[in-house]
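Each of the two complexes below includes chain A, the first together with chain B, the second together with chain C.
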Partner chain A sequence: MIAGKQYSLRRSDGITGFLFVLPAFILLLVFVFIPMAKAFYYSFNDYMLVSGSKTFVGLKNYADLLQDTKFLNSIKHTFYFAVIVIPVQTAIALGLALLVKPQFKYTGFFRTAFFVPVVISTAVAGTVFKLIYNRDFGLLNVLIGAVGIPKISLLSNADIAMNGVIILGIWKAAGFFMIVYLAGLNNIPQDLYESARVDGASKLQQFFYITLPLLKRTTAFIIIMTTIDAIKLSGIVFVLTSGGPNSSTETIVYFIYKTAFDQMQMGYASAAAFILFFMILIISVIQMLFLRSKVNY
Partner chain B sequence: MKKLFSSMLTVTMLSIVLAACSNPGGDQSKNATNEPQNGGSSPKTETVTLKFWRPSGNDAENGAISKLIENFEAKNPGIKVDLENVPFDNYETKVRTALAGKTAGDIIAIDAPTMSSYANAGALYDLTSFMEADADLKDIPEGILQSMKYDGKYYIAPISEANIALFYNKKMFEAKGIPLPSKNVDEAWTWDQVLDAAKKLNDPAKGVYGIDPAQGFGGGEGPAYFKTPILWQFGAEVLSPDGSTAKGYLDSKEAKEALTFYQSLYQTYKVSPLELPPDPFPTGKVAMFVDGIWDLANFTTNFPNFKLGEDWDIAPLPKAKRQAMANGSWTFGVTADSKYPKEAWQLINYMTGTEGAKIYADMTGALPVRYSVVDQTPKMKEYPYSVFVGQLQKYSMPRPVTPAYPAVSAAIRELFEDVGQGNRDVNAAAADAVKKIDDAIEALKR
Partner chain C sequence: MLRIIHFLAMTIIAVLCLLPIVWMVLGSMRSYQELFQYATQVNLHLLIPVKWTFQNYIDVIFDDQNPFLRYVFNTLFVASTVTFLVLLINSLAAFAFAKLSFRGSSVIFVLFMSALIIPGEVMLVPNYMLVNNLGWLNSFKGLIIPSTLSVFGIFMMKQFFEEIPTEILESARLDGASWLQIYRAIVLPASVPAMITFGIITFLGNWDAYLWPLVVINDDRMQMIQVAIANFTSMAGTEWTKVLAANTIATVPILVLFLVLQRYYVQGITMSGVKG
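The block that comes next holds the complex of A and B.
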């Protein structure tokens, strides 16, 4: 009897739990998993957007993509962005967090000031930076001209254009990760620093032996998020450069969008999207393995 | 003549038959979907609801369309129009997705050069019989008629046109003692004359460039609209007449001349800015600026101290071997899945016919397509409008009409970026562009 009662209780609990999860599950199913499965199916088809004509072509889209210089270049541009942005932006975010952590009179002002770019819309930021970067009339060249540095053409020189995107990207996102680091810093118990001071550790030693190790989880989170954001880069490219000059700032997501909605090659674009998906998946898994922290406090 | 008459008769009969067929259909589906009939006092006419999608424009354009719909509904009590002004940036994406899902409106606004991909995909209703019956096609310039046709059939009707010309800073010309270009449509400057003037006007120390030949470098359809004409002016074409290849056309001797000239403006003579600041012309940063009629209103409103006739003027677009510029602006088409093609056509015919197009032109200041509307609008015969209207009627031609147009547009944008901004070898860049276009044409055949 008792066993049966327990069983039925557990069973009704199970149903209740299932009902609680059901709405969320249905939403996920309809808006995430089914579209993903369909897109995966389309990636094996020569699927054109407007006509909806579909012919199964197997792995042809994938094979073509791996020989498509435009796609390969977009991967190159994306990774150039990521490789620079991940360390630089993380370092800047940490630096900013350390700067605004101590409570002074104007701390609130600086925290806000550094966070403001995150709130500004990408379209506005892109337009303003376009003005700043302009070769002949922009603020940037006026400033560096005053110091005697020759003009730089961030918007028309294909060799350096990606750096313009990088500067805007970091300016726009560093403030967000500063806040995350700030939370991480505030989680480090003060007594650790006190005992370190008693033992005679310098500020630098405190940073390298207490702050940095104890921020490892935060850093791991930030690096993984930055990586995913960097690889998904597209908004800034849309407003700042439209992929130019000479396609030098075309990123993977930009390529996918253009292929799908301008060229209407949905199948081809879906295949590119899945290559991107697997790239992010693999990179994230590797990062999680490497950055796994054993420190608990 | 006899043949023409008999074919017109057939078309007329056909449209009567079509009309007869489509009316009961419309009524039936109306009965099925309409709300239950109320008190019986209302007139018994069944209403058809047409879904009409267009990208939201400026206030004048939106107002004009609303006015047209109001007039149309007053004249056709049986038809209701459900207008949706879609945000401009999302418009193409929304239409393309909806066409694939067969959920697009009955009437959709179409940017003329994208028509052939939609028509080729079977997404548009063939309007040929309607148009030949009651659109008065002789009232439309031949160059524009071509932009409305794909594979010999009419799919779209334009409500307005656009046109580009050479805007020049009169004060700067006078300061350097350069004779002013003519305002006569048939006396366009040659590109050599433009280059000569540009060299004299160019003043890097003061931050003044001689000429911006085609709106700098940007994304979207703008580059193809402004840069394809340069190829035409030098005597080149983009595609073979049958649209089967770009080889021998986009990489022809004439095309390479055009590209080399374009490149020299930026790289050899450095009279053109590689990076355009916002509003370069009214702020005096470029002395000559190729721009469209739509900026007339922009300059008058936003730069009241920069006066047409005093500070600046408009001349016909420069030529080389011939005069040419692109036509094809926003047009309307009926989707293939529409249940009410006949009613949809009635609305389009009203909006794009003489009466509707006149209202639209008056309210928006856009260029009218039809000769009759131009005749009824005195201001279109006067400078500065006369330059645009004259060019449109005499020298405008459609961008390549091919289902591979999206690829053509992208290839032309990249080609001019490559040679202008990237200073790339013209031969290699042209070869690349030809390959991109031919690959796309090939892919469509499968």
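The block that comes next holds the complex of A and C.
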């Protein structure tokens, strides 16, 4: 009797559970899995959106992409961004976290101040920095001019324009990773420092022998997140430089956007998107391997 | 002595973080001539307006070509609707994964989690073509509905719901409450902080959305604020004070929201970082 009642409960519970998941599951199928499968198929086709013409070309799109200087350059620009931003931003984020870690009355204010750029939207930050970087009227040249550095024109010189993107990228994102580091710092047991102090370890020794090793997992997480963010870089480029000057700041996502929506070459753009996807996939796999090896305190 | 150096270092960095924003807000309150007249050397008026004016705001708000208040309203509407739907749909799913056993639940959960590694940027082309086929281009539907799934949200809420003691839910169940009633009367009230955290992350993410509105919306009157600002800057390239006013209009609401709810936002980041 009781067993029977419980059985019927479980049965209806099972249906309820499925019904609760159903809306999200439909969205997952319709907006993630089916489009991905379709795009994978399109990536083997010469598919023009305007004419609607679609012919199967096999791996031609992929082969062409690997010889397309525009695409290869977009990868180069993306990796240049990543190579600079990953170490610099990680170091800045850790530095900021260490600065705001002590609980003085005023550290709360500084924590908020360092974090505000994260909340500023990409479009606003992009347009404001466009003016800040202006050669003649920009804040940047006024400030560096005051200490005697000659004027630079960050956004009109193809050799250095990517650095303008990098500075804005770090300004906008460092506060985010500061918070992640702060959480990591707060997870380190305080008594470790106390016993180190008793043993006569200096502040610097404490940092290199306690703080850094115990932040390994956090650092690995931040580096992987930053790498993926760097590979997906697009918003800042759209607003700040529109890929210019002379295509010097075009990134992979920017290339995909232009191929799909300016030239309407959906097959070619899909193939590029899958190359981007495989890059991110490889990094995610590395991430999982990394984070599985747990560091125990 | 160390305290002073510490304080000074933080002050300098705070200035670097805040200067562009302060300069934007103050610059929006000066005339065009003034902005450039004082923009060549360091002095007090590099930042502080000589003659304060709200003309830029009047020009921007009452401009028929670029109705910024309308863009703000469009964005508020889309971001709020998305946030509401995201919270509803994904918390229900997370609740089912955390507390209800049903056939295939672990397989379906793995399917969801596998979608975590597919970033939105990769989905740009396929989702555009889908929305195009559905006839949703140039509609809020096309912005809202594809954004209502949050796999990360399901993951995060599931972690949270697992902390709720199962005995409470089971006893309510034995008293004859349906799972939907349990969800509304017990689970939702217990998870308000987590919902606020998840909600504010979703809202800010959608407020900041640029790429998706750029491809979905062509009609000027339906445009989102971020795309409108980027367009406005390239069109009105020389009218910088108006650009700064438009930027300020787009920033102040979100900054206020953040300052009020920052505890929850920071919590969300911490959770994603610690859980990895």
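Quick note on the criterion: the second predicted complex is superposed on the first by the 259 of 297 C-alpha atoms of A that agree within 3 Å, B and C clash if a C-alpha of one lies under 4 Å from a C-alpha of the other, contacts with A are read in each partner's own complex, and residues count from 1 in each chain.
In this section, a contact is a pair of C-beta atoms (placed from the backbone, for glycine too) under 8 Å apart; a residue touches a chain by one contact, two chains touch by 3 or more.
Just so we're clear, the structure is a prediction, and the values are computed from it rather than from any experiment.
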Would chain B and chain C fit next to each other on chain A once aligned, or clash? clash
May I ask you to decide whether A:Ser247 touches chain B, chain C, both, or neither, giving the answer as first, second, both or neither? first
Answer with first, second, both or neither: which of chain B and chain C does A:Gly235 touch in the superposed model? second
Dominant contact partner of chain A by residue count, chain C or chain B: C
Check the residue A:Pro117 against both partner chains and state whether it touches chain B (first), chain C (second), both, or neither. second
Contacts of A:Leu289 with chain B and chain C, given as first, second, both or neither: neither
Touching A:Phe261 in the superposition: chain B (first), chain C (second), both, neither? both
Would you check which partner chain A:Ser153 touches, where first means chain B only, second means chain C only, and both and neither mean what they say? first
Once the shared chain is lined up, is A:Val32 touching chain B (first), chain C (second), both, or neither of them? second
When the two structures are overlaid on chain A, which partner does A:Met48 contact: first (chain B), second (chain C), both, or neither? first
Figure out whether A:Gly145 sits in contact with chain B (first) or chain C (second), or with both, or with neither. second
Mind sorting out which residues of chain A both chain B and chain C touch, each in its own complex? 49, 131, 136-138, 238, 242, 261, 266
Hey, which residues of chain B end up touching chain A in the complex? 92-93, 96-97, 99-100, 117-118, 120-123, 207, 217-220, 273-275, 277-278, 285, 406-407, 410, 414, 417-418, 421-422, 424, 440, 443, 446
Quick check: in the complex, which residue numbers of chain C touch chain A? 3, 6-7, 9-10, 13-14, 16-21, 23-24, 35-36, 39-42, 46, 89-90, 92-93, 95-97, 100-103, 105, 108, 111-112, 115, 117-119, 121-130, 145-146, 148-149, 151, 154, 173, 178-180, 183, 204, 207-208, 210-211, 214-215, 225-227, 229-230, 233-234, 240, 243-244, 247, 250-251, 254-255, 258-259, 262, 266, 269-270, 272-274, 276
So in the complex, the part of chain A that touches chain C is made up of which residues? 9-10, 13-18, 20-21, 23-25, 27-28, 30-36, 38-39, 42, 49, 96, 99-100, 102, 104, 106-107, 110, 112-117, 119-132, 136-139, 142-143, 145-146, 171, 175-176, 179-180, 182-184, 187, 217-218, 221-222, 228, 232, 234-235, 238-239, 242, 253, 256-257, 260-261, 266, 269-270, 273-274, 276-277, 280-281, 284, 291
Mind listing the chain A positions that touch chain B in their complex? 46, 48-53, 55, 131, 133-138, 153, 155-156, 158, 238, 242-247, 258, 261-266
